[in-house]
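The following blocks contain the structures, represented as structure tokens.
Below, chain A partners chain B and then partners chain C, in two separate complexes.
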Partner chain A sequence: MQELVSIQLPDLRLVLPELTVLITGFMLFSLELLFKRLSHAIAISVSLVGYLIALLFITFMPAKGETFFGLYHRDGFSSLLQFFMLLLTMVLLGFHLIYYRKKRSLYGEFYYLLSFALLGGMFLVSSYNLIVLYVALEAVSISFYILTALLRSDFSSKEGAFKYLMLGGLSIALASYGAGFMYLYSGSLDLRYILTHVGENQYFLVLGLVLFLIGFAIKIGAVPFHFWLPDAYQGAPTPITAYMASVGKLAFFAPLVRLMPYVQEHFAYAWVATVSIISAITMLYGNLVALVQKDVKRLLAYSSIAHSGYIMAGIAVAQLIGLKAVIYFLIAYALMGFGSFMVLALLERSEGWENRLEQFSGLRFSAPWLAVSFMLMLLALLGVPPTVGFVGKALVFMSLSSGSLWWLAFVMIVATGISTGYYLRITALMFMRNPSTNLQLALTGWEKALIALLTVSLVLLGAVPIILWGFISPSAENLFVR
Partner chain B sequence: MSIEKAYILISIFLFLSGLLGVIIRKNLIMLLLSTELMLNGVNLALASVDRLVGGIEGQVFALFILAVAASEVAVGLGLVIALFRLKGYEGSSEITHLRD
Partner chain C sequence: MEWLIFGFLSSWAILSVFGVLFLKNPVHAILSFVSLILAVAGMFLHLGAELLAGLQLVIYAVAIVVFYVLVITTVPWEKVKRFEGFYKKELIFGFPVLLLAFVLFAYAVLKGNFARVGMAVENNPKAVGKAIFTTYLFPLEVASVILLTAMLGAILLGRKEE
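Showing the complex of A and B:
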């Protein structure tokens, strides 16, 4: 009788970073409830301390394994992505305050929603179970809907949030219906079991997988399903746009990356065909539409769609080299996208700035260092040699050639060529024209330091890619081992 | 045809009618209602698949979906109210400020 009632406690050491973020979120939530006018210094310091502790846990306690009865799976991949998520969230908290004060939209909700989005993202990158993936996906998405709408009396912010909510709800319904079909096929909700299980009625598996992938394609903004992305990115407060483009992308791509090593065995051919076609359309469409944009925030949103296409090109190659390229490019895009939207957030603080293209002319005179770092970020997005963007694109290209997807490699070169048009146009406007408006921009020392740090990291990680590669290579190999 | 398969067919019907509603409706509240309809189709499918494969995970999943969908629709209704306040009932159906 003794064995029947013995309870096996889950190994909580593996989820210490998540627990820390959860406790931070609840602390911020109760502080916001208790004090009517919460001091932002307190909220920022509580969140920074919490995230710092979680970061230290991830860095110095590299425990690997499964807990919660197989629902949670920590490996090198999840630790790597969680590290960058925490880091970018901390950087965001150094930027947002003056922007929100300028827009008269400082709410206490911001802090705990940020930490719940982060918590959802941290669970999303470290699970194979469909229930956990569903709940984590919704935690990220619902926090994002509210964060997108948090601009006082701004219609386009609410509109972007509503479109995001509608398409997000559609995607979650499709993905969970797909999960239902996969459950019907295998009798389990664990993705590893589902994809290695051999049973009759394999069309249930295919149907389920297709619905699941369409759901995720909506979330990452792949092209036939991208309608919400430019609107939500443009309507959202710019720090939140930066957050969605970095942490959101990392989180939403992670389940696809986890799926990839398992898909290759049974239907590699169908996987390669569908994902590469979607990726090609995404790259071309994103870059072509970005070319005609007049609003720089919307332009960068379309460039984010195009980058989803490049990442999916790496996912289409269902091989180890493709996996490594994808992880590198994901982290690279998270840094680049975060940096470029953050520069826009800094510029938006000056009077009368509307992110129009012609307002960028002569930025060199009014804000020389900001112009230089924005130029470096744009060149990184374009993929010019000593930056992370180049290394990421080169890796994806190498993996495409090793998977003999030559046509996709060609499309990628064409898409990059198209993207030269708008990245270089902004750069030329900033450096070769005379200023049209005079711009008053006061940056605090912190912000200068953080922008400099982001820019230097873009160049440094590109010039010495081995720094990241040393972490990416073993974690990608680990994903392929069963 | 067994009763489970009939329920799965009903769930497909619910899901597709919700999908159709999302595609053709213009009213904001009807849009929210349509996504709820889709998620209820998913719930029905999961519960009946449970009977077919003889497990309980599907019903657990359905409970999670119920809870999370409720919070999502709460956020959605909040957004609808915010849109109504800014534009009034008539203006709110034309959420086309942001476009190319």
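Showing the complex of A and C:
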């Protein structure tokens, strides 16, 4: 008993944002139990207040350090990603209600499943420990499987969720198999120790690292492990697709970003070879398949695969500049992907809209401002200056050239060239054709304001990249300090 | 003596595995699965991991097997495809993969760097409990959230639509 008492208590100040989200989730849970028909206004306001408090904790209490015996790690990087996760979740809550009502799939469980998914993501970005990474990965994924399946009497939603469940399970199995080999190599579960440890049997480390990478490659939808992604993204309710493409990507990429500073001389070849080959195939395949899609939601899903490829190209350069580029591109893609899927969610509310490509023709007549925002988002995804996508791509290109991965930079240019085909085709359809269908679309003031905010932020963060860079640069340098 | 016990337990385990694979009646297959679990629990006991043996019995032999039996009793067996001899193609492809996995695993067990074997053998329920509620408290708490989410999801998706 004596020794149990003498153990130091964990420093809960560091996990205050996560605790707030957890409490919010449980409050929503118990409110839903107490009141059979909980009003959605109450659920939304409780969630918004909770997330706002968590956001304030992150912004104004910049405590850094480790707690829970080194299992939880808060630094600038995790705070930055958590900030954007919370922000995007709050924006999502401004959009989802009418969509779900239209699809007759409004469940009261949605709110706390969302907060548990967010909680898992927040844990995933803030640990170096393999067990915590495993558990957090499961927490995000299980919430995503359920949220994907929550579309009433829609077969494709269930099918997508099932594929996601199967391949997600496989990915976690592979990642934990790899983690097992890393443990055998070093006798520790801490990634920092494992990767700096020099012992015999180094092929255990290489094997473990490659399996771990493949496990995460399935989660982020890198080719050839992407089979679940188009189906899950297309089948899921569109706000959830937006959520998976933004918060999901931020969460699943974070452990790989945390590995980057610890890539050592003796296994750098394995890292560069695995990551750059996966990245090159992903960029080319994602863009080429997106080119022939007729369904815009599926097209954007393939574009999401292609963007995973661009981000992985930055990860292949295990240097400081690569790290900064990756963080910038991750946040940029989270904003762009979220915005573009959200526009689809708004359009899907009108009668007879099926996201087919030809339905976009003449969108500027029926919904002029939405068409302009969608065009700006597509241009950002393509990487046209002065949008945020351009800065991200330029940074990844610079880091590839400083890491002398010229062939990968060339592949990236070719892939971007291919992607021009479909992004510009949608833009041309929207602005240069006459409308084919009569579109009735009524947006609320909130939705207009939020879409405008997303669009403005894409342009503003691209035109004045120093706003974001000022936060990214110190947190990336901090990751490199051993 | 140690080798004798190990030989007995491992041949028992292998026999039960073949029972699970080849017995036609599903209830018999489940019974030989229980026997496999008992054999594995015996191996854990023999290695001095009494907590692991107990957990094996409590979790697998009780909870999971009961769950399997529940599933088996609800499946309409007259509709299920019957066993149709060996799957030859699957065997040809599956065998090298399994062999590779086995060799890899065996090599890892023999040569891997296991952290300080033999330290926690004395009184291991106490050691495991202490580790779970101090060092690994954080993942334990996150795991509880996962279980809650998974349970909610199962209820939500299994519920009849109104």
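Following the convention adopted for this analysis, the second predicted complex is superposed on the first by the 475 of 482 C-alpha atoms of A that agree within 3 Å, B and C clash if a C-alpha of one lies under 4 Å from a C-alpha of the other, contacts with A are read in each partner's own complex, and residues count from 1 in each chain.
Heads up, the rule we're going with is that a contact is a pair of C-beta atoms (placed from the backbone, for glycine too) under 8 Å apart; a residue touches a chain by one contact, two chains touch by 3 or more.
Predicted, not measured: the structure shown is a model, and the values here were computed from it.
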item	value
Partner chain(s) touched by A:Phe123 [first = chain B, second = chain C, both, neither]	second
Partner chain in contact with A:Leu71 - chain B first, chain C second, else both or neither	second
Which of chain B and chain C A:Ile142 touches, first, second, both or neither	both
Partner chain in contact with A:Val289 - chain B first, chain C second, else both or neither	first
Chain B versus chain C as contact partner of A:Pro10, first or second or both or neither	second
Contacts of A:Gly169 with chain B and chain C, given as first, second, both or neither	first
Contacts of A:Pro62 with chain B and chain C, given as first, second, both or neither	neither
Touching partner for A:Glu109 - first (chain B), second (chain C), both, neither	second
Touched partner set for A:Leu150, first chain B, second chain C, both or neither	second
Touching both chain B and chain C, residues of chain A	131, 134-135, 138, 142, 145-146, 149, 153, 180, 183-184, 187-188
Chain A contact footprint on chain C (complex, rising order)	104, 108, 111-116, 130, 134-139, 142-143, 145-146, 148-150, 152-153, 156-157, 161
In the complex with chain C, residue positions of chain A that touch it	4, 7, 10, 22, 68-69, 71-72, 107, 109, 112-113, 116, 119-120, 123, 129, 131-132, 134-136, 138-139, 142-143, 145-146, 149-150, 152-153, 180-181, 183-188, 199, 201, 204, 207
List of chain A residues in touch with chain B within their complex	130-131, 134-135, 138, 141-142, 145-146, 149, 153, 155-156, 158-163, 165-166, 168-170, 172-173, 176-177, 179-180, 183-184, 187-189, 230-231, 234-235, 289, 292-293, 298
Of chain B, residues touching chain A in the complex	8, 15, 18-19, 22, 28, 31-32, 35, 38-39, 41-42, 45-46, 49, 52-55, 57-58, 60-61, 64-65, 68, 71-72, 75-76, 79-80, 82-83, 86-87, 95, 97-100
